[in-house]
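Some structures to go through are shown next.
Shared between the two complexes below is chain A, which pairs with chain B and chain C, respectively.
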Partner chain A sequence: MSAAVALPRAPWRGTLSYHLQRARYEPTVALGIGLSVIFLYLVIAPIAAMLSDAVRVQFGDEATIRLPAGDFTSYYLWRAFRSPISKLLFWEPLLNTLVVAVGVTVLALALGGALAWLVVRTDMPGQTWLATVLVVPYIMPSWTFALAWLTVFKNRTIGGQVGFLEAMGFHPPNWLAYGALPIVVTLAFHYFPFAFLLFGNALRRFDSQLEESARILGAGSWTTTHRIVVPLMLPAVMSAVLLTFSRVLGTFGTPYILGLPVNYNVLSTSLYQSFRGGSTGVMAVLSAVIIGIGIGIVAMDTWLLREQQRFVTVGSKGAMDRRTRLRGWRIPALALAVTAFCATVVVPLGTLILSTVMRIPGRFEFGNFTADFWIARRLPAFVGYPTGLLRGPDLAAAAWNSFRIVGLAAIVCGLLGLSVGYVVVRMHGTRLSFFLRQVSFLPYLVPGIAFAAAYLSLFAVRRGPIPALYGTLSLLVLVLTVTYLPFASRAGIAAMMQLGREPEEAAQICGARWWQRVRRIVVPIQKGALTTGIILPFIAGLKELSVVIMLATPGTDVLTTLSIRLQEYGYQQLANAAVLVIAALAVAVTYLAQRLTGSSLASGLEG
Partner chain B sequence: MPEITLTGVSKQFPGGVRAVEELTLTIPDGAFMCLLGPSGCGKTTTLRMIAGLEQPSSGEISVGGRVLDSVAQGRFVPPEKRSMGLVFQSYALWPHLTVEENTEFGLTVRGVPRAERHARVADVLRLLHIEQVADRYPAQLSGGQQQRVALARMLAVNPQVLLLDEPLSNLDARLRLEMRAELKRIHQELRSTIVFVTHDQLEAMTLGTQLAVMNAGRIQQIGAPMTIYRRPANRFVAEFVGNPPINIVPLRGDDAGSLGASLLEFARRVIGPSADAAWWIGIRPEAVWLGLGGRNGCWVQPARIETLLPTGSTWIASVRVLDATLFGVSFQEIGAGPTSCSVSADDLHLFAEDGTRLGPTRQPPEVRV
Partner chain C sequence: MNISVKRHVTSIGAILVLAVCGQGAPTALTSQAEASQAPAASAEKFDLGALVAAAKKEPPLTTLNNSGVVKDLATNFTAKYGIKVNGTKADSATQVQQVSREVQSGNVKLGVLSIEDGALVEARLIPQRFVDNWVPPDMLNSIPKEWQNPLVQIWDAKVVAYNPEAYGACPINNIWDLTDPKWRGKVALRDPLDTPEEITWFSWLTTDDNARKLAAAYQQRYGNALQTREKNAGYEFIVRLAANQPIVTKSDNDSASSVGAPGQKEAPVGIMSLGKFSEAPPQGEKLAPCKSIRPWIGYAYPRYAVIVHNTPSPNAAKLYVHYLMTAEGAAPTINQHGGFSANLDVAPGRNEHLGPREFWEKNLIFLTPGGNDRAWQMRERLSDLWRLNRK
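== the complex of A and B ==
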């Protein structure tokens, strides 16, 4: 620093020296730039690579297109949108996707909304208990319900073992066993808790003084509901609609299991078929479409939320308990809620459990029950998986992979999220802060399967110093980290916002250097937020399928892909057993995490 | 001991907000300097720049002759090396550390040996009367105790300069009064330089040895509290300092029989033709004398007391005089109804069109443009 005053010098040198000295003591800028570079590579680059794949000749297609690989071409666009097979590749799946998404959204919202009202705003008995258990379907893997459905309704038209009904002499028609109807019903069973949580929170936050003011001014119950409650709830409803819609859009497992037997494809399964068939170019086009729809939906949601802020309904006292008296309807209401719980949790899980202990499905005879599928040393008919699930090495290996990959991804994710929060809040108002906030949110707009496709585009081949990562565990760790980054960084930003800059600044004034402040002040205070930022991605990652299905290879199977692989082989009982293991793990970890952090993770699942 | 100088300091935030403009200020060694101004006037930004938490866009800040911050010279001393203390409005106590650990932190990061640390912490806690809560966490303390811990934490490292950012605004009235006395005692005991930011003019008047009134990023007036009260440099200072606020009577564009015309005529008589440059006349409420009849050399008008607001020790009266309403303060009980109202020539504050003071004195005023 002594040199700085030695001679008069050009003004820019003074400025440079000034900023260098600041950077020495304040590494936040460096940290922010580092994070930006990482995210540019892990978020932006894959999407860019995928978009470029959509318009460049891919390896292996040189003969068909008659252009050298890497040249620009509109062939894939033509193939997906205009060619004779475009109907099969794109238009039918698009229509099916819309049918499924609309169906699921309507059904899930009706069910979730009604239950939320019963639990939050009425005097129905058992509300505390129901508020917890009605979230369980959302904690289980989404395709659990699809497997349970097949276990009951699978008919003899597609070969392999039949379902309970067929075995008992009924013949379920195809429309009941496969395709649109079962996909809509089973997905709605999985997604209704999402609407339940969103509605429940909106209803809970709803200031009942607003309602009461209307009543005092002489409005009747109908007028109040019609003119006050509904308009104020509308943004929350629309938000729930759009978020459910966007989730259904990226779902892979259920449409794959229930649609494949009758060639009923949605965009995500069509994309997967293109991947299986090796047509990377078409896969890239389909991903781009899915991403486009996803971004459109979230943009609409953001716009709606801004509209919602026009109504400032902050009333701290308003959270008063104003509940509708159900009178004679209390018990029927409870019966309805319990039925919903049974239909979405007890029956599917019961069916799956039952199926794994029966040699021949649907034959309720004592001799037909067996524990072989769980613990047998040898299952003669099952080539490739010749032992009971718990006995063989595959489950253990997949579970170990799951814990390793998801655990590592969750930890990295939590740390990145807190770092993003730190930089965003410390540098509030700068472009760097804005960029980090936006880029860490971007993966949220990209449905999982499209993101996986993007990762394939970037990491399938060696690029510069980065080797081809396809088939490695590192790739799975990377993709899961980035998938859950939006949740972690949002949690991190919220936590740092709440803390503010001042506690750290106080330490700085007291003479603490940057690393002392981080180690002794910021991290200890944010321990809780960091834990949540790790646990939430961990739970979500354990049951993640659409992101990993294209990136996992038999060598890097995780629990979810193992279950799907068993299903593809037609080993229904083993597949069911595997999904039961995942569901049990997910529920157990959620429960443990709630006990550990003492908070309700249900609110976090809303994400 | 240190004297703080700010020379031509400006601060522009990203996004274009200009918080501080060309601020030049010298805070003498051992002063209790109050930065006073409405919210958003740049006083907190100025304090944070002195602490090093914000960087000026241009200008120079030095303490005791040592340049701490100057873009032009390429000099930057980070906050952790400035040996200052800063008490935040929110206190910003570390929730995961006890009162003792909070106070000890600054000594720990400086590598002070344990025994010395403990002795020093015990001293400071005793000085602030919080030794009995040493083992508690911040969440278990009352607002007043938290405030004392925030102060203790900064005093522990024996700062040359103590910066206080509205430290009393979250306390209730009684506690605030106690803490004011406490701060004054600490200032006298430690003889350090204190910079105190507040929007509460009473706090500034009672505590400061020096006041700097700020508005819109610029310093309006610097001086001793009573000087600022008695001779406000412009209309803004006159209106901001003083409670109940000063009466401002417009002099232009009024008819012959108006209050403004009557006051201007009086001012012209006692001050001379220079009063013609005035656009406004300010009269402090306590200078509006009610019911004392026509005193010599005073402006007198019949008046009518319309409403009375007793505060306990005084009576604030809204008084109808000619075509306007003035506020007056009486220290004796008075009743509503007709009375007379008089103002001494010394109590007139004349302001020019741009708000600059033209003077209350009989001497020819120094006109500044």
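== the complex of A and C ==
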């Protein structure tokens, strides 16, 4: 039955005003488009700039390539993939990177997962305390553990002051002191809190009624675990794998300290060597490869999490939280957790503190101890940094720079992250949502160093309305914001995923506008996620090295570049002291933030 | 939702066009780069007073220096002229990055670079107009012509060092000892890939003249002629040094700690700068230079002084360069550990670890600016050679 009545066409003014009206109540689309445009420029344009560098002749190489600067060339591709030196530039670093990344991910997930289960789902004593302190390893700069490792295990192979063991007469073998093993162990110690937090939150939100229903229906505990718990933990596991693997892919500080001395190169250190040596073309090629690997990981993650509704565990129903009783295993479990704490927090920090008060390492004699490296008025041998760390102007200036740059970046980042989460989840299924989600993760997979290089080239000169930002703090703020966007987006999306539409719709029915709904429903519920979205970038930024090492200039140092500079000049005690200062600041900031917002770090990072 | 997707596609296109259009040649200035000109010094009458007066009106000067003496230089300069100077220690790669970025972005803050990578200065910085060369007109005759472009401020040296507590006298008397199995794993030096003057030194080893001397030294050490598949004895030396498992360090401080740590029975030897001989004793390290190795005990390398293009304080920059070329500018370095100013009117320093100029000229290879071109062209090849032969 089709009466073909031609409906009158609405006047375009009417259509437009209708859409504007709708937009006022549901501005998600407009918000989504705005975010997309901004991220496109900030994320894709630098990458495009970098890729273009990989195939164009760079200034200074005209003689070698015999083409004028700016012309297209495959020289850098040949050099990185097929030349005699390609094995050292690319293939070996690639293999080493994968080995390290897989090793760290496995170790970190095992450690983090086991501890999370113990802390969240059992009745082990000391849980609240452990939940706080087991996050500390992540709060410290990633190369703290590398420095501590060297302080103990460094042998004579690479010069400089030796470690404690070598000074006391033992000779640690090279495979123990440098290379793959120390890198994997130290990075696992640094990254296991990711898994710990993610699993802990997922387990905490997990409704034990689900398990109990399975038991009532006759399932044994193994069946319950592998058919109920593990599948529902899948988002947490995937998040943890993704975060850990990709951070390790791009990590620079630890392999630089522990690998480079014995020529154990990973992609990020090879990239840094190319940057320092001025081989911009090869650096761009290496960055392109790392981005490629990262995109592969993102694709895998998307494919695995394509059905997001399955993972809602906070909806309109109540939940229960019953703990497993350990009985006789309570004390051994506590011992295990405390050992983990000691190994990852007490021992590294203690070692570093010891090293900063000893003139010659490894000599436990009374005359060898000194507070000079902290408070001396003048250290004549340390040309260029001739005072104790706490005395000189360098530390204060660097700290001030760190705080204002990172603070601003963190706030912007947190707000953007929650907005992204809102748009992505509320518009799930649309191309905009998919696109926004991918673009906001992209920076995560570009190693800090390469991203910084791309930003250098993109913002080095004025392009249209966008000014040249080199030498300004805005560039650092911008790069840090974009670098940590994935953190905040991930937290925002995961948090919004667990908040069903019902509360907002209830408010809408009651007549609330969009802004009211966001302000009074979404933000309070997501307070934890918003705080996490600001604090995690802040802490991460405080201890960030890879991104800033190419952008910070001497004289505008931040805390992390100051520490590495001291390390590079061989002022070992001062470098260790600087790292301790950063760790102390990060821990203090975390503690303060937790007290102020009343939420714990752990509760915001869900997934 | 279709409207948003369409808008999407248009904006993607717009952004990408913007981004790609913004890519021109790798540097915006190459189209304007001219061939480097003769030093911008003329025979005009040089008025120091007018320069000081003009400099006082400008913003504070920022300078980078490979050496930590920059802090003392800044303090002394400010005390003398009342003009504020911010001096920071920075290695060559950092200086180059910073100056290129600043000039390209139009946001110049730097004033003077005291930089040791002469090859890069000549091959990239000057042609691309990132820095300008300026010789103080009143010193045109006291600075040798071949040290004026780029302007050499001071000559420093890196020599082989040993641990006098472990060995009474220097255990090495021929440079080929560094490649001998007896010293496998016991030679410390900074990473050539990160140390421009070291890789420049490599390029000097491969000149015909020096290669001949190396071949003769080999003959003297081992009694037979050198057999090599490489082009000459210089390349062979580099190959063997790389293969001898050297202790590759990030800084001369690390090399010094490695060689000079007390209580070692079989201490390594190492190549390091003269400054370490002054800095080591307060830290309890034992170091002394080797003074008789055939054919050379090390190499002498220059620190250049160039002015950043479009600096906000051009007159202060010139005054600072002038100051560097005087006795006071050289004093912090040559009084601490030796070396000599490129300005031959300046007397030698109080604390000289090696010896007078004649000693330097007899026992060190001088990395003069004339060899910078060749050093630059060979840089990648020599870096590769080093990396491929490291065991």
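Going forward, the second predicted complex is superposed on the first by the 431 of 607 C-alpha atoms of A that agree within 3 Å, B and C clash if a C-alpha of one lies under 4 Å from a C-alpha of the other, contacts with A are read in each partner's own complex, and residues count from 1 in each chain.
By our rule, a contact is a pair of C-beta atoms (placed from the backbone, for glycine too) under 8 Å apart; a residue touches a chain by one contact, two chains touch by 3 or more.
Note that this is a predicted model, so its numbers are computed, not measured.
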First, second, both or neither for A:49, with chain B first and chain C second: second
Per-residue touch tally on chain A - higher for chain B or for chain C: C
Touched partner set for A:216, first chain B, second chain C, both or neither: neither
Touched partner set for A:156, first chain B, second chain C, both or neither: second
Chain B versus chain C as contact partner of A:513, first or second or both or neither: first
Touched partner set for A:32, first chain B, second chain C, both or neither: second
Partner chain(s) touched by A:524 [first = chain B, second = chain C, both, neither]: first
Touched partner set for A:502, first chain B, second chain C, both or neither: first
On chain A, the residue positions that both chain B and chain C contact, one per complex: 430-431
Residues of chain C defined as touching chain A within the complex: 1, 3-5, 7-8, 11-12, 15-16, 18-28, 30, 62, 64, 67-71, 86, 88-91, 93-94, 96-98, 101-102, 104-107, 109, 120, 123-124, 128, 185, 188, 193-194, 247-259, 261-262, 268, 270, 275, 279-280, 282-284, 377, 380, 383-384, 387-388, 390
Parts of chain A lying in touch with chain C, wherever the complex brings them together: 19, 29, 32-33, 36-37, 40-41, 44-45, 48-49, 52-53, 56-60, 63-64, 69-70, 84-85, 88, 156-162, 261, 263, 273, 276-280, 359-360, 380-386, 430-432, 435, 456, 458-464, 468-472, 550, 553-555, 567-571
Touching residues on chain A, where the partner in the complex is chain B: 1, 4-5, 9, 11, 13-18, 21-22, 25-26, 429-431, 500, 502-503, 505-513, 516, 520-521, 524-525
Parts of chain B lying in touch with chain A, wherever the complex brings them together: 13-15, 51, 53, 55, 67, 70-76, 78-86, 88, 90, 92-96, 105-106, 109-110, 150, 153-154, 157
